[in-house]
Structures are given as C-alpha cells and as structure tokens.
Amino acid sequence: MKLNISQEQANACRQIAKEVALEIQRDIAPLSTVSVERAILRLLGIEGEKEKIPYVNILVDNLKEQKALEEGVLYWIANACLNTGLSPQDVALKVVSGSFNPVHLSRKSFQEVKNKAEELATESLSRLYKKKKAREALKQSFPPSLPPLLYVIVATGNIYDDIAQAKTAAEQGADCVAVIRSTAQSLLDYIPEGITTEGFGGTFATQANYRLMRQALDEVAQKVSRYIYQVNYCSGLCMAEIAVLAILEGLDIMVNDAFYGILFRDLNMYRTMVDQHFSRYLLGLFDIIITTGEDNLIKTVDAFKEYSIVLVSQFINEQLAQQAGMKKELIGLGHAAELDPKIPDSLLWELTQAQLVRQLFPRSPVKFMPPTRYKTGNIFFAHALDTIFNLVAVWTDQRIVLLGMPTEALHTPYVQDRFLSLESALHIRNASRSFSRELQFIRNGQADKRACELLTQAMETLIKIREAGIWNALSRGVFSQIKREKRGGRGYEGVFKKGKFYLNPFLDKKIVMQARRRAV
Amino acid sequence: MNIGEVRPYGDRMNDGAIQISFSLPVPVSARSIEAVKLIAARMGMNNIRLVHAQDMGNNFSFYILYGAINISVDLQAIHVPEVELQLFDFWEINDLIRREFERKVVVIGATIGVDAHTVGLDAIISAKGFGGESGLERYPQFEVFNLGAQVPPELVVEYSKKIHADVVLVSQVVTQRNVHLFNLSLLAELLEAEKLRDKLILICGGPYINAQVALETGFDAGFGPGTTPLQVASFIVHELMKRKMRKK
Amino acid sequence: MKLNISQEQANACRQIAKEVALEIQRDIAPLSTVSVERAILRLLGIEGEKEKIPYVNILVDNLKEQKALEEGVLYWIANACLNTGLSPQDVALKVVSGSFNPVHLSRKSFQEVKNKAEELATESLSRLYKKKKAREALKQSFPPSLPPLLYVIVATGNIYDDIAQAKTAAEQGADCVAVIRSTAQSLLDYIPEGITTEGFGGTFATQANYRLMRQALDEVAQKVSRYIYQVNYCSGLCMAEIAVLAILEGLDIMVNDAFYGILFRDLNMYRTMVDQHFSRYLLGLFDIIITTGEDNLIKTVDAFKEYSIVLVSQFINEQLAQQAGMKKELIGLGHAAELDPKIPDSLLWELTQAQLVRQLFPRSPVKFMPPTRYKTGNIFFAHALDTIFNLVAVWTDQRIVLLGMPTEALHTPYVQDRFLSLESALHIRNASRSFSRELQFIRNGQADKRACELLTQAMETLIKIREAGIWNALSRGVFSQIKREKRGGRGYEGVFKKGKFYLNPFLDKKIVMQARRRAV
Amino acid sequence: MNIGEVRPYGDRMNDGAIQISFSLPVPVSARSIEAVKLIAARMGMNNIRLVHAQDMGNNFSFYILYGAINISVDLQAIHVPEVELQLFDFWEINDLIRREFERKVVVIGATIGVDAHTVGLDAIISAKGFGGESGLERYPQFEVFNLGAQVPPELVVEYSKKIHADVVLVSQVVTQRNVHLFNLSLLAELLEAEKLRDKLILICGGPYINAQVALETGFDAGFGPGTTPLQVASFIVHELMKRKMRKK
C-alpha cells in the first residue's frame, strides 16, 4: 500500500512545524514549573507524603513561598547536602519535619553546588539506567508478537480489579495494557500516593499502583511467553513528574500530549509545554515510547472536513519530541478517523487517512485509535465497526492499535467486552496479515486525491500557525475551534522564570553519558 | 392473554425469546455450566440453551444463552411517568416568551464537577445545535451563558445569582460510582441553601440521564440521549407558563 | 479490482464444460419424468387436491399405472379435450373423480392431438406472459437499489410469521427475501397444497404460501419504494413443478441446482437432471433468475484445498443453463468461501476467490454466500465474520449477497438477528461503495497466484470429468468426495423414456414466439 | 456469601453484571420502554440500563439492556449429572475390548429422520475423524457401519438386527419443533418393541444434544458440540465393562 503524495510537500510541512516548535522552544527555554522541579526531586529519589501531601510538593511549595524557587530545587538540595552531608531523601525529611529551612543554610559557592548537583544527577541517572537494562533484558527474552501491538484499556477504579482484568487481557492476546486514570487526575497538581481502590472512570496513577501493575504484567508475561507493555498517562499538571514515575517503575509507553491538556483539560499552555518538554526529554533518555492525543482533535468537530488538523498536530508533536531529544522510533503519533458511518465511502476515507499517517511518519510507532463518537448502545453494530477498524489498522500496518469496545458508549470495558474485542482483532490480524503487501490503491484515484488535499490543508494551517505564532494560534482556536488564553487555564501560577543560578544537570549531555557509562 | 400484553418475540408471536450474556470469575467446567443454567432458570428463563461457554483466561469465563421467558406486560396498563411533551416550534417559542414573559429568559449551561464532556451540552445550547436544529443561542428570546466544562457546582450558584438566571442546564456524562448523582444533588442543595431553587428551572441532561435521575436529585427535568434543542426549549416554555399560572 | 488470469484458460474451461453439458443433454434428451409431466399439467392450469394428493399427481400416477405415460400427459389431455370439449382442469376433475379414464377415450389422429396440444400450450404461455408483463411494469416503477442486492431468509415454519418477518426485513433494507423450505421437502414427490403454519427448519413451498408472500412483498414494496425480490427453491423431486409455481405466482429468483439434489439429498442423477432442464427452460422463458448451490460443495471438505470444485460446478452449471435456453444474465452462479478463520491470510483468499468468480462470470448475477460452518454459538464473533464477509462482497462487486446471521450455529434467524445483519450490510454497502474501483491487487502477487492455481485445478478436474463421463464422475465422487450410484438415489422410478408420440409443445420455439406475441 | 458462590462479573467481583437483548412486536414508545424495563425487573435485574431501543420496521422493535442480578450460585453445591468421563487412549481401548469382550464391537451410525447433516456423525465415525483424532473406523476392535443421513428409524432397527449391532450411534442436528426428540424417542421405542433395546448401547449426538436429551428420549448417553471420537469410544468401553460386571 502506498499513496502517491508529494514528498516535497511533506518535507515542507516538517520544516514549518520545526519553526513552530522552535518558537515554542525559544519561549519556554527560560521557564521552569513546579512540576518540573518536583520531577527533579523524584529523580533524586525523594518519596513519601505528609498529611496526604507528597514531600516533593511540600519542598517546592516551601521554596516558592520563600521566593527561592528561581534557582531551582536542585540548587537548594545540593547546597543542603553539602551543608549537612545528608542524602536528598534525608534532606527532604528534615525540611518537611521543619528541622531546618534549606534557604537558611549557608550558601556554598556556585561551583561547589553545581558539582554536588551533577554528582547527584549522575548517581540518579546511573541507578535508573541499570533498571532500564534489566527491563530490556526481560523484554528481549520473549519472542516479538505479530504486528500490530494490540492495546487495551482497563479502568475499574480499583487497582486489584485492574490487575485481574489486565492479566485476563494478556492471556487473551493483548500486547499493551493501559490503566485509564481517574477522571480529572490531570487537574491535580500533585500525584496521589499509595495503592488505590476507588476512582471515577479510571484508576489513580500512583507509584504504588504502577508497581503493582508492573509486577502483575511481568508475571503474566511469563505465562503467555509474550512481553506485556505497561501504559499510562503523562498529560496533565504533573506531566514531568509522572514521566519520572514511569521511569522508576519500568513502564513502556506513556500517553503524552500538552495539546490535549490545553484543549481538553484547560491547562495553561506555557505550563504544560514546559512540563511536556522535560517529560519527553526524560522518557527519551530511557527509551519509553510516547503516544500523542490527536484522536481527541476530531471528537468534537466535523471529522471529515477537519481531519487535516490531525496531521498539523502530528507534525508539530514530532518536532517538539525531537527537540526534546527523542528519536523517531519513540514518538508514537496518535490518530483516529472518527468518521460518521453514514458518510458514503467512509471506509475508503478511513483507509486513506490511516495510510497517509503511516506513510508520513514511517519510523513512528503510530498509535491508531478506534471509532468512539458514533457508537451507541447498539453493541452489535459497535462490534461491527470495530472489526472493520481492526482491518484498516492491520492493512495499513499500524504499529499500535487501541482496540475499540462494543460497549464504548456505555461504560469502561467489562471483562467480556475486552475479550470480544481481542477475539475480533486477533482474527483480523491473522486473516489479513499480508494485506499491506498484496493490495494497492489505484494510482491517482480518490484515495490519492484525498491524501494530497489533506496534506495541502495541513500545510496551509501550519503556515497560518507559523505566521500567527503558536501561542496566538492557540488563543484563536486553530485546533478544533477551541480557544485558550495565553495566561488562562490551570497551572499558570506554577510557571516561573529560571534565575541565574538555576541548575538542572539532568539536561546535561555529559552527565547523561557519564551516567550511562557508569551503568554498564 | 389480554390484547395489550406483549412478550419478547424471536420468530413467532409470544415465544418469549431472549438472549443473555455474562461472565463468571471461574473457568469453564461442568459445574460452571450448570451454574449458568441455574442463574438463567432463577431469572425465570425456560427452554434454556447455553450456546457458548468460553474460557477468557485468568480464571474468567464467558457465556451466551438463549431461552424464553414467560413474562408478559400489559402495555395499556403501563404508567408512563411523563406524558409526551408537546413540542412548540421555533417561532412559537419566541412569541410565547415575548408575550407571556415580557423579557428574555436567562439560561446558564455547564458541565459540572470534573466532567469534561461538552459535546452534549453544546448540542443543546450552541448556535450550531444538533441534528439540523439550532441550539438555544439562536433563539432571540433566550440569553445564554455557556460556562463550559469542569465547572464546580459552587460556581454555578454564584453565577446564577450574579446574572439572575431563570434556567440552569447541567450536563453530566461520567457516571462511574454514581458521581453524576452526587454532583447533581449537590448543586440542587446549594441552590436550595441560597434560596434560589424555586426561582429556577433546573434541568439536567446526558446519555445516562432520565426523568428518574432528575426526580432523585431534585431537578425539574432530565433529558437523555437524542434530546433536541427544541424539546428543551419547549419544556422551558411549558414550565414557565405553568409557574406563571400557579402564581396567579 | 482485477485478477491477472489467463482468458484462454477460462475459455478452455468453458469449452470442456460445454462438452460435459452436451453429454448430459444427450443422455437426458430421450427422457422425461413424472415431475416434468406434472409441471406440464400445472402449466395448463390444473390445480386442486383430493385426500391430500394433488390432482397432477393423481393424473400422472394414473397414466403411469396404465403404462400410458410414455406419450406424456399432454398427449392424453389434449386428446381428452378434443373428445369432450372440456378444459384441461375439467378433464382433470373428471379423471380424478373417476368419470372417465383418459386412456380409454378414442385416440384422435396425432396431428389433431398435436394441434390441440399446441393450442393449449400457446394459451397457457400467453396467459403467463401477460402476468410477467404486469410484474415487470411493477418492478420498473421503482428505482433500483444500490448494488449488491441484500438477500435474507425467513424460516419460521409458519407462513404468517414468515410474512411478518419478511416485511420487517424489507423495511430494514433487504432487497430479496427467501423462504427456506421445511426440511426435506425436496424429498417429497409432490407439492403440498394450501396455506401452511407448521414446518421444520422452514416453511413448505406451496402455491398458496407463494401467493401470500408475493402479496405481502408487493405491499411492503410500496411502503419502502423498493421492489422486493421473492425467492424460493426449485431443487428437489419437484424441480420442474416448482418452477411452474414460481412463474404462476410471480417469484423473482429460484434456487435451482440438480447437483445439490444428487449430492446432498441423494436424488437420482438422471431424474433430477431431467427435471432441472425443464425447470431452467421455463424459468428462462419468464426471466426468473436461478441461483446455484456451489456453496454446499465446500461445507464438508477442506474448503481451502478443494475450492476449485466450486469453479468446476459453476462452469458446468452455466453451460447446462445455457443449453436450457437461459441467458447469462439469469444464471446466478452461487459461491462461498467457508474458510476456517484460523487459516493465515484467510481474508486474502476469500477476497481472491470472490473476485475470481466475479471475473470468470461477469454477466452472471452471482450469489455470494456467507460463512456458516465455522460459526459457533459466539454470536459476537459470528457478527464480526459476517461484517468482513459483507465487505468482501461489496468490494468484489457481487450481485446478490446472502447475509450471514450471528446466530447461524443456533437457529433459523430471529427477527433481531436479521436486523443486525442488515444493519451491518447496509453500513458496509455504503461505506465501501467505491472499493471495487479504487483498490487493486498488486500484479502477480499471492492473489494472482492463487487465482491461476485454482483455475488450473478446475481445468484439470473438468478434463477428468470429460474423460470419465459425468455420470461416472458422479459415481466416483468427483464432487466433494460424495459418491452416488447412477441408478441409486430417490426418484429413479419416476424417470421414463419418451415414446414416439411424446408431446411437449412448451419446448417449441414457434409456440413460444406466438404466445409472446399474443401477450402484447 | 460463601466462598464457593459465584455471581456474574462485569468489572468488579460480585457486581452481578449481565447483558440481555430481545425484540418486542410493537414499535418503540415511552410505553414499550417501560415494558422492557419491567420485564427486566421481573427477571430480577436491578440497576437496569436500557442502552438501546430501536425500531426494526413493521411494528417490531429491538432492545439491549445491561443490569445486575442478585443471584449467586454455590458452585460446590452443584450437582453435576455426570462425573467427567475417564478417557482411555487408542491402545487401551483396543486392548480392553480384545481382553474383555473377545470379539469386535459392532457399531452402526446414522443420522435419522429427514435430517441430512452428516458432518458431526462422520467426525466421530469416519477414519479421518475430528480435531486430529481418528474416528471409530480406525480402531481395529470396532466394526463400523455408517448408514449415512436421512435414515428412517425403522431401517436402523432392521439393520441392527441383521448385523447384530452392539452400539447404535445416532446424530440429530435439526431441532425445529423438537423434531430431534421425536425421532430419538421413536427409535428407542421401536428398539424396545423389538426387544433389542437392552442388548444395545444407544448413543445420540449433535450440537443441541446433551445428557438430558439422552435421558428424556431413552438413550444411554448424549454428546454435544466438540465431542471427540475418543470420548465416544471411551464411553462405549466403560459401558461394556459395566454391563459385563452387572451380568456376573
């Protein structure tokens, strides 16, 4: 399967997207956020909570109140370590318990503090690299499964039920299991702690829950002789911090998209872009795949007419991720068709669009998402829609396929819903395994025409965004007609300008190399 | 059997044919199969055919059954909670408001709690409307304020006070652990506490909302899937007139 | 969509099949059967029954007992009409009531009898041509529906329930409604009479039931503004007679295949071939489409390895129908894939085979039949299989598509089963309407290869059949390994050699032309 | 709840979640919707969610519901009619017959009545067998006569007499109007009348056959979907040995 599209135009789109991404990069480079700082604390191994407030929040808020945050947390921790000889975790404990105020300790010379910070960062990274090695070895110990990876969700609200269902799904043939987060966790400016058994429409993302699920999936992997990818969500006010949890607990894929936060969660655009950058940077270091949320862009607008916005967002997302240091093989661009089934030839358009994305981003582990918005309580018709979706996914050789559920319009999946979905997907994966090689669009037919039109539209929008500037474009509703104020939205108060002593050696290539070497 | 009585139909009148499916947290076994049939029997099914029993892994199993039930219902005798709403058209609605109410009707819309689903509410409120019909914003006699999604109930109360709202439209889509019932009841109580409840027409809507949910949570009406703006506008006008009559 | 197959090889297959068909023709030309004779009586308008035995059976059995059948019934009826001045129906009444014995009446000169017989035949045919005109006008009064025609079955056993469900199906979007016959009606050597409300796995084919269903379908056609095709079955011991009922009652499509009777009903091969020939001849005159039963051939053997038998049977069936005077546009060759869903690439093979049939018989209103044998009680998976089948059907531009049912493995369809099937089929018909024009197999890929192999296999089998002779081939199990004796099977006793005064002017071109002219 | 008790599972233990669907011979209306919920309630469902209601035309309508049932079943307490059959292997079966029976076991197979389905019976009998296992024809100690399909019960009786059959295998696939029960009972009665019943092991099979059908129609065993030749052969040997013991 190949669409006859202009490679030059694709290159042009990439170039413009790069300029847009550079604009973002330029504007956020001087900024940090409370979440980035908390992420750094978590990287240093700081954990624990007091009266339901995580230490990392207490520390950051403490510095913020004292107007000392512009140096960054690492400056103060390193300084405290130098002063007290304690580990970062012990420093945190003392600060939280009020034993001392980090800002009141004697300030060592910047060079000394910097050295200490670099030492702490190197230690932290090399510890994490060791973990990563072990996980890679585990992954390599299993044979790869037939492409595409079949991705299902669990969302009971109770981590133990999630685990039961995740294992069941794995036994049925699922390759990736995502735990959907409790509604609005992305609006929380902290990460809850501990094992949780109550949630709304999903289960809280906590380090403890991550760990339990990881154990369960590694266990069932042995049983089914297949590696099971663990998936969770970064997007939200804790984007960078959650990335750290993912690294700490060995997750494989993180849903990660600032645009989703801006548009669908009303997060402040600067805040979440800064958070996203650091989160992607960290995930990239540890070879964790990200997936983006372009499926959401066509859930509320005419999905046929406005499809090109998906491409626009993908081009920008690709550049943003690359600028955060990620290689293309880790950038799982998301997409979906969400076409009204009543549209004549809807299946041809779905196929064309899926192929177009695959072709524009051949190295991306693209994630294809199923029809949801036109599903109703008619579970039989929904199952028919999903079966055809599975065919399109296999045919166009997608890399990760999020399976649709017959009960999409009703509830988060029951154990049998997932089972039926997987059964259909496994059948299609086997029955049409050679489709992508054996079938072809006719040359210059309707598919080629639509693909070219879409690419042209995407380019036009990209040009508009470049001209207006991305922040302005967002405030004018370029994405799905949703308008967001530059200073509006949640979390703006957590953004700050880095001061001249601001320290973040985790971003330092030399430090990273050193840590990596040390981990061998 | 009485003429108004109906019973499920498979391929002949009154055969009572139904299909059911469910999972059990045990693997398939002779025992589990008997258990499934027992469950069906206790539900009143006869002629039970267990047509599919399959292990799903991890000690779960899935079953599909067909059978017949002896239950029939007298349609005539059914009490339908609400008589079908009499619909006005666009012009009638605006005329009626102009004539009977003498000022614009002020409407607030919001998806409350942490629910982020706006499509349903927008379908009713926003100019572009739903299913070819314009939303309330297009009606000259409605003045509409759409607060969007993830709105805390407290903010709805505050805003209602500020702009002297006549109608509050609330959408709730996420229902896990009955969070929608919680949010709706909370809003109704807050309005009550502020003595605003009686001054307002309080309407909820969403895919899992119905008259009963409205009743339970203290709302005046609840609209489910497929609701059109006209239905909501008509209800508002009916309610306004009813209240005006009552006052006289 | 086009497969790259050799047109010469296809032509060669046709040529061999023609020779096989000519052999059949040669051997059955001297023969007639009780069923053909009864069909002639029905054409003359004879109806009624006595003690549950139709007049036409009484008459034919009477002549047979008197060893007077070799002249054929028409000879005796015409002679009786000449002697008594009565109509054929009145003659029948008298004979049945024992008023006279047709064999004992004075025998008029052969020329006189022949003239009378021709007069009766002309009258009968012109009456029927008038009916046909009216039906054509009705059909023309509706706009055609989107291809393919969607074909569903009803099979409650009760004609009134069948009607309720047929109308429901039409309102849902069905184009063709087939009433499945009660199990083993094909083994009855007579056609039951009257309206019936009890049957096993289907409803008896009776003239009264045909009429009720025709009325109902014409009624609902007005409601849905779409012509609804009425379908029933010819195959069986009354093949020719049932064709007459179809003509009398205005049916549109008749399932008609002697091979099915031979192989799956154990009917005698000569008997059913003779019956088939006359039935096809008559249906051809009145533009009634026949559909053949090749789907059955792969229900009991390895459907992947032995698929080419479908093509073999189609080539022969096409020739047999043409020799009975049918034009290609009326010869609805049947086919199905019935592949084990576990076979890798099963969908590619299904697609290839469907396209191959379509391409080999481009003028045939081919009828594509759904998966049945690998369906289980898992109605959800069955629905998924059917949805994909629908896609293959639309994609390869089949003409008539028999819809599969989610409950195929359980029961004849409930009203909701048919509804769900139609919903899926209508969606696919709309969603993939341009597939056949916009997509293409890659040249000389696996599809082309399989198509060529299948055609070669079909040719080899055809050659074997030609060499052995068709009757021998049937007794050696060339079709699906089922072996049938030449003189074995049901109904052989009803075959007889035509005598020298045998008369059947319905076969006379001049008579037909004359009748047709008279009907204008 | 007792530890052995199970209840349907949707997404958490004991939620009792089930799905049902059926049609009604009336169009969708407020009344029909209430009727559907009433039916579900009378079946013992609570938390009833009518998730789909659709007109099918010609005054028929289709409904899908989800809900929970409070019914739980104690697996331990379930009486399973037949203890799982102990399977022998191919060699054991032939050895046992040779040792205990001293001659070949004569088996007749037929699909009776006007039923034309042969695939199931062939799967058990014919050499090629089923699911990779050989059929009874391949066992040196069975002498098998396959009469094929559409065999009148009378012919089975006649043939059994003629060849001194030990086992009769009957397939029934078509079940409309319970024609299978009729055919099976008829055969059993005819054999009884001929005083052959006790000399024979009478086994039926088919997709809708089970132990209960066998019991009702006077057969010794009934085998359903997925039966393998080995199961049938094992049953025959068990039964032969049981009968031999009894005679002693």
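Labels for the chains are A, B, C and D, by order of writing; each one numbers its residues from 1.
Here is the rule we use: a residue touches a chain if its C-beta (ideal position, glycine included) is under 8 Å from a C-beta of that chain, and two chains touch if they have at least 3 such contacts.
Given the structure is predicted, the values throughout are model-derived calculations rather than measurements.
Distance from chain B peaks, on a Cα-centroid basis, for C. The interface with the greater count of contacting C-beta pairs, when B-C is set against A-B, is A-B.
Rounded to whole angstrom, the centroid-to-centroid distance between chain B and chain C, based on C-alpha atoms, equals 52 Å.
With centres set at the average Cα position, the gap from chain C to chain D is 34 Å. Taking each chain's centre as the mean of its C-alpha atoms, chain B lies 44 Å from chain D. The set of chain A residues touching two or more other chains comprises 376-378, 380, 409, 411-412, 414-416. Shown for chain D are the residues that touch two or more other chains, namely 9-10, 13, 17, 19, 21-23, 49, 60.
Chain C contributes residues 341-348, 378, 380-381, 383-385, 387-388, 391, 406, 420, 423-424, 427-428, 430-435, 437-442, 445-447 to its touches with chain A in the complex.
Residue ranges on chain C touching chain B, taken from their complex, read 155-156, 158, 161, 165, 376-380, 407, 409-416. Interface residues of chain B, counted against chain C in their complex, comprise 9-13, 17, 19, 49-52, 54, 64, 66. Across the interface of their complex, chain D is touched by residues 6-10, 13, 17-26, 30-32, 34-35, 38-39, 42-45, 49, 60, 69, 71, 73, 75, 78-80, 82, 84, 208 of chain B.
Interface of chain A with chain B (complex): residues 157, 164, 167-168, 170-172, 183-184, 187, 198-202, 220, 264-266, 299-300, 373, 376-377, 409, 411-412, 414-416, 419.
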